[in-house]
Amino acid sequence: MSDPVLSVRNLNIDYIGAQKDFHAVKNVSFDIAPGEFFGLAGESGCGKSTIAFAVSRLHRPPALIRAGSEILVGGRDVLALDEEALRSFRWREVAMVFQSAMNSLNPVLTIEAQFYDVLRAHTPISRTTARQRAAELLKLVDISPDRLSSYPHQCSGGMRQRIVIAICLALNPKLLIMDEPTTALDVVVQREILQRIDTLRKQLGFSVLFITHDLGLMVQVSDRIGIMLEGELVEVNDAQTIYRSPKHDYTRRLWASMPKLHGEQIREVRS
Amino acid sequence: MRQLLNNKKAVVGLTILILIILVAVFAPLLTEYSPVKRVGRPHQPPSWEHWLGTTRLGHDVFSRLVHGARISLAVGFGAGLMITIIGTVLGIIAGYKGGVVDEIINFFTNMVLVVPNLPLLLVLAAFIGQASPLVIAVILALTSWAWGVRVTRSETLSIRQRDFVKSAEMLGEPSWRIMAFEIFPNLISIVGINFIGSVIFAVITEATLEFLGLGDPNTVSWGIMLYNAQNASALSVGAWWDLLTPCFALALLGLSLALINFAIDEIANPRLRTGGMLNRWTRMVRLGEGKL
Amino acid sequence: MSEPILALDNVSKIFGSAGNPVYAARSVSFALRPGRTLALVGESGSGKTTAARLIMREYQPDDGRLLFRGATLGKADRKSLAAYRASVQMVFQDPFASLNPAHTIRYHLERPLRLHQGRLSGSERMAMIEELLARVKLDPALVMAKYPHELSGGQRQRISIARALAVNPQVIVADEPTSMLDVSVRLGILNLLNDMKAQLGLALLYITHDIATARYVAEEIMVMYAGQIVEWGDMESVLGNPQHPYTRLLLSAVPDPDRRFDQTPFEDELNHIDVIRRQSALPQPETLQVGENHFIRPMPR
Amino acid sequence: QTVLTVSAEQTTTWVRNFNPFGQTSARFTTLDFIYEPLVVFNRLKGNEPHFRLAESFELADDLKSITFKLRDGLKWSDGEPLTADDVVFTYDYIKKFPALDFISISAQLASVEKVDDTTVRFNLNEPNSLIANTIVSMPIVPAHIWSKIDDPVTFANENPVGSGPLTEITRFTPQVYEQCRNPNYWDATNLAIDCMRLPQLADNPQVLAALAEGSLDWATSFIPDIDNTFVAKDPEHHKYWFTPSSLVSFQLSMTTPDENNRKAFNDVNFRRALSMLIDRQTIVDIAGYGYPLVNEDPSGLGELYKAFANPEVATQFGQYGKFDKDAGIALLDSSGYVDANGDGFRDNPDGTPIAIDIEVPNGWTDWIDAVQISMETLQEAGINVKMSTPEAAVWTQDLIDGKYSMTLNALAAAANPYFPYIRSFNPGDFGKSRFTAPHWDNAEVMDLLGKYTQVKDPAEQKALMDKAQMIVAEALPLIPVYNSPSFYEYNTKRFTGWADAENPFISPVVSNANPGRLIQLLALRPVSQ
Amino acid sequence: MAFLLRRLSFYIAAFLAAATINFFLPRMMPGDPIQIMFASAGSELSLENLNALKLTFGFIDAPIGEQYLAYLKSVFTGDLGRSIKYFPLPVTELLARALVWTVGLVGIATLVAFTIGTTMGIMAAWRRGTLFDSVVSLSAIFSSSVPAVVVSLIMLFVFGYTLGWFPNGYAADPLLDPAWSWQYISSVIYHGTLPMLTMVIVLTGGFAVTMRNNMINLLGEDYIVMGRAKGLSDRRVMFWYAARNALLPTVSSLAIAIGTVLGGSLVTEVVFNYPGLGNTLYQAIIARDYPVIQGQLLIMTAAMLISNFAVDLSYVVLDPRLKKA
């Protein structure tokens, strides 16, 4: 296996409180290989987003990444970057799709401006070239370039999410983080988008960190899966292995409570 | 309430406010002079006998200050209460009932909002003549409820979309009960902010009207103190104590109320809270215990 | 099969302007029967909630009839509505929004009792509250005095169900009752609904976009798209042998850990998503029986 | 060019209006300075006449007509001659447009006729020895200009053609205007001023600021603590001289709606007791900054009309005009005004309660202060008083109708005590004028006043006035408090010739109610630099 | 567009309603307006004289409906009658004179306060919890809670009387003629400094608090986080992403704030004797100059309506979501 794109070691993150701290991520370590589709699953509040934010160092106070944690992207220590280095690191190396398609585009800027924004921030580029590049990117996600002059509210939810993905690809990042990118969408659109990501990944070779609480979906799309429980990463393994022969008791319980679409229905698990 | 007491701003604000209230309640015990009797020569500077000096008429400024707190507080809280009640009731009805009722209330609200308030008050007070504190409070209430309706209405609109209102409807709760027991309790912080904001507004406006000479000179209030001082050319004859005393009292009352308001805002909206955690956070970052 | 207690007969509901009508329900017909669960699935915006609201008589149908115990319901007036609501209750999707944060759990359960259970003494009422809580498997001593925000999502959803049960209804409409819950607690709620149905002989309308859970609780299923029910019938028959292109599309898109992306059935539908959507949105007046209890509305050619 | 800087009027913006009939709207430099009076009567010198446009006047023996003789060769500022025709025109004019007649003189005139080019005779409806005083306060306007004006009431007369010393408006902005020499002024030799400049000053503090920095030469403004705030800035040049003017008195309505109050108010002993409970000196010192003059004269004349005073008044009734708390209380006790019902307030002898509400117009702060000071002693004496401050218009109406219990009221200064008396006591004016607020009806006084205007002999007049004073002083229908001062501040740095206490040759107040200001203007001489 | 049309028709209705109130207000009050006018002017007139004047000022004895129609007609033809105190100046001219000063004072003060306040609010929200934030929040709370009367009196006392740095009143040296000369303009600036400063102090806090709270609410939004994730500079995210969106509610509160601004300017103008609309209204009220009071209320209402409309317009420009609606 080649050098990992992302390597998280002993990650500890606290939310500082007035009296007591909340230990949101506890000693988490995992790797993502180039081109890998890595899924991170777990219940609401277990710290998935907290990890995702830490990778791009997007946290704001009172979050605190504890000393001793390590996040390496392409071998570079993200936690050691200064302001300026961090700025150019973001999006160029790690791009991110957020949970809600509704809200991750700036409502008062046109789609084009939001492409231009990110291109401009990282490369000296003229408006026309930026426009061309944006049009190309939109084509990748199957959206007509006319949309460039639209405002976000003029596009449907699925469209918006695809636009965000196109923006994510603008700088050819090594890693694409997707924090529950499709929960607000219906299954057909969700399917469409994930399939497109999968194709693009194969085409462009980036890795994906995919966060969701939909286990069925996770197994369907991921190469490897990490299961989180209350801030801890309790199990990391191959997707099929996790599905067919879970090791951790918690993982087992999760599968047991998932009704099945076909074949024999699960037994009621009564506690 | 406990949250209020955990908020530093609220504690400071409440302390000042309670102090002012206590001073107002125990005014007769705190002062040896009557606020309406000449007890010294005109415009004596502050001294042992007259802590804050005397007015142009020879009244004791401290005594007037302390007694004046009663009127300022009474008008402030009285008018504030009326403004809040009108605003809340109309706001909830408009927001919950919707339709024609909403249209009508909303139209009047917007109407009242676009008529410049203070000038209108000024004209009303002038026409009524000898506006006693009670009259001022009433006209304040009648002309200043619109802002409250607007915020209460928009908040009600969002609350009525919430499922608990729907489930109350499905249970067959009568609409007055839904408004009073389902929606209203969730508006408490908005109502609180509206109330305190209205109190500030009422205190300021009463003082302003009286300062402009539209009040009743028989009253002992901070606004009348300002008016008398201004009339006695306190500034040009150098009697700063006469004018600045009510100024500072008003500023202090305004400040304490604004602090409370700010605190309620923080409590209602956790995002605004800064609290102690940010201090702790800064300290920990400085100690190298971690970073963002 | 038992007699339907509640039925929609060719009900339509249109929103929007005359120039740009939105068919939230178009000739919708179905029936709810005691002791049975009917699942209504469909993507977001297909009109599921509208159907629920029509049943709850929040909306008046623009066309068609609502039948309760065989009788057509006319325009809702205050009194008949109150009586109706004692029989038909609803459980909402969002456990965080469906309980009033300002009131205790006890208050939430006391209100329906006061409104619908006639004159009860205080202790009788307390006993009933305790019984309700026990029925939804919560410890009365622990939760009674708590406020909603002190409970977990699953617990809150149980309270919602208890509240619906408090009026002693015959029909419960559950609009996506588990979509906001974690996987591990989801099943508990579904089991609870199943138990209630069995024990109290309730007629249940279970609305969801998660077909897997629908299969878990319901005997029958309806697939809705753009206000129309495009396919309906026995659960196993519809899932095992979907006939309508839209149903196929939906089924192919549903996450299924047993199938990787590349092994999806109905490839054809997946490649023509837009065409299927467009055509499924057109009026489909005909009904075609494809199985013993399995119907579709075929797309127009 | 000699420029005199004056503040005669306070406003926030100048409006170009020199219509001499516009009492409330014309610039205050219109009368006297643009439209010269026929005669100026010197109030400080027993109404000695300074003849201006007229060189003499003569009252007929039957007192039923008066004839004015104009100077020869008078000219309007545009060069047209000023003749008896203009005078007759003016009086015809105000008859035609009654809104112009701001002193209601037409009613007293039977006719105005031209005798010759320089002589005019005014025929009166009633004999009146004092008519000249009234006639001279109506400005005379040029017929050749005003005959062409369609609506003289709203006419702003922006470029006035006048007869006075300063008629030319050379500059007019909202902030300042200048009024300069009349090229055809008859008395030009006596006029040493070329222009008068009127900066716009909005209120007393602004006038004070301008005075203190020395930019104003002549002003009329209330100034607090004047010795410190104005004089001390330049003791050599900053001067003031306040002369007594209108009478401020407490008044009780004899027709007040409350029956119980009415009983007390109609009892002279009650009025006397109230009068003795008013601490006039304190009111003057505190409410008036020491500027007004205490008036302890029960007949109301006081310092202002000292020349007319009957010494008997002081000896017989003098004590009722002075502050004496103990005597006041004693008088109340002895007249039966004691606390009958134990509520802490004195009641009528028959036990009915008295409750007095002193009305003062809203915003009249010095009066409000005065009332508050008076209330202290009245309350100490056990009288139930409170103050209310209605809108000025409401107050005026209450006074006119006599529907108030007690009030402060003011009466403008005049040349002769006849005027304050007739204005206050004339039953014909009850219900019409606020000056008759007490509604005190005394036929004897009216009879005396009626005769007063119909006799010509000064000795006879004095006897009548003496008698009237005694009646008034005995009944005390007005409770005099003080005479308010007329404010006069001046600066001797650039001009000399100012009237002052040492040389009181005329009343020098520059307000538009004092025609004497014309004489003062002509007396000014620039200081040579 | 439909949005603007709807607002516009509301404003017209509101203006009509305000005009109607304006008409009935003096007629509902006790006392005869003419009597009140002249009583306050301090002169005593005979009855005949009064009646003659009444006619001159247009107080006709027509039925109320007829009077109302005449009034409406005059309002829409821009004829607000003549001032009584400043007779025969037409009310419109009097107000036009004052308007210049108020627009200057209020306009600049609002602009300055808005700029400072919003910027402070933005930066405080961005650096939430820092010392800077605490200082800004506290001074903003203080500034927004202290009455304009108090601020202006204290400013006047400190800088006008005690230190003598600035004049105690008026908008320019009265002896100077208005002109585009440096002398005159500097005099205007010199005289305007204290009132301006007062207004800025009174207004800034409110803007700062609103902006700070809006910003903080927005900072958790996904698109802000995405802006940061995109590697944009803090400045760009702060102003182009957060502030621009946080401004929207602030702008709409600006419309309501204009009422407060007018109120604040009234007091400030009175204290500093600034010859603006507020002071004119105050003088008119003192003198019971009805035509001016009525005209003034109309003008102020119109000003509020116009600025509300301007806010609506800018809202449409700022928020593309409204364009289609």
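A, B, C, D and E are the chain letters, set down in written order, and residue numbers restart from 1 in every chain.
Quick note on the criterion: a contact is a pair of C-beta atoms (placed from the backbone, for glycine too) under 8 Å apart; a residue touches a chain by one contact, two chains touch by 3 or more.
The model shown is predicted, which means the values in this text are computed figures rather than measured ones.
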Separation of chain E from chain A in steps, with touching chains one step apart: 1
Relative to chain C, chain with the most remote C-alpha centre: D
Reference chain A; chain at largest CA-centroid distance: D
Leader among chain pairs (count of C-beta contacts): B-E
Distance between the centres, which are taken as Cα means, of chain B and chain A, whole angstrom: 49
Averaged-CA centre spacing for the pair chain E and chain C, given as whole angstrom: 55
Geometric centre distance via CA averages, chain D-chain C, whole Å: 91
Numbers and ranges of chain D residues touching at least 2 other chains: 205, 363, 391, 394
For chain B, residues that touch 2 or more chains besides their own: 126-127, 129, 213-214, 236, 278, 281-282
Sequence positions of chain C contacting 2 or more other chains: none
Chains grouped in pairs wherever the two touch, ordered by label: A-B, A-C, A-E, B-C, B-D, B-E, D-E
Contacting residues of chain D [partner chain B, same complex]: 204-205, 208, 224-225, 228-229, 282, 286-287, 362-363, 365, 368-369, 372-373, 376, 386-391, 394
Of chain B, residues touching chain C in the complex: 162-164, 166-173, 181-182, 185-186, 188
Residues of chain C that touch chain A when the two form their complex: 43-44, 182-184, 186-187, 190-191, 209, 211-213, 215-216, 239-240, 249-261, 270, 273
Parts of chain B lying in touch with chain E, wherever the complex brings them together: 9, 107, 110-111, 113-120, 122-124, 126-129, 147, 200, 203-204, 207-208, 211-214, 226, 230, 235-236, 238, 240, 243-244, 247-248, 250-251, 254-255, 257-259, 262, 265, 269, 271-272, 274, 278-279, 281-282
Touching residues on chain C, where the partner in the complex is chain B: 56, 58, 81-82, 85-86, 89-90, 92-94, 97-103, 111-112, 115-116, 160, 163, 167
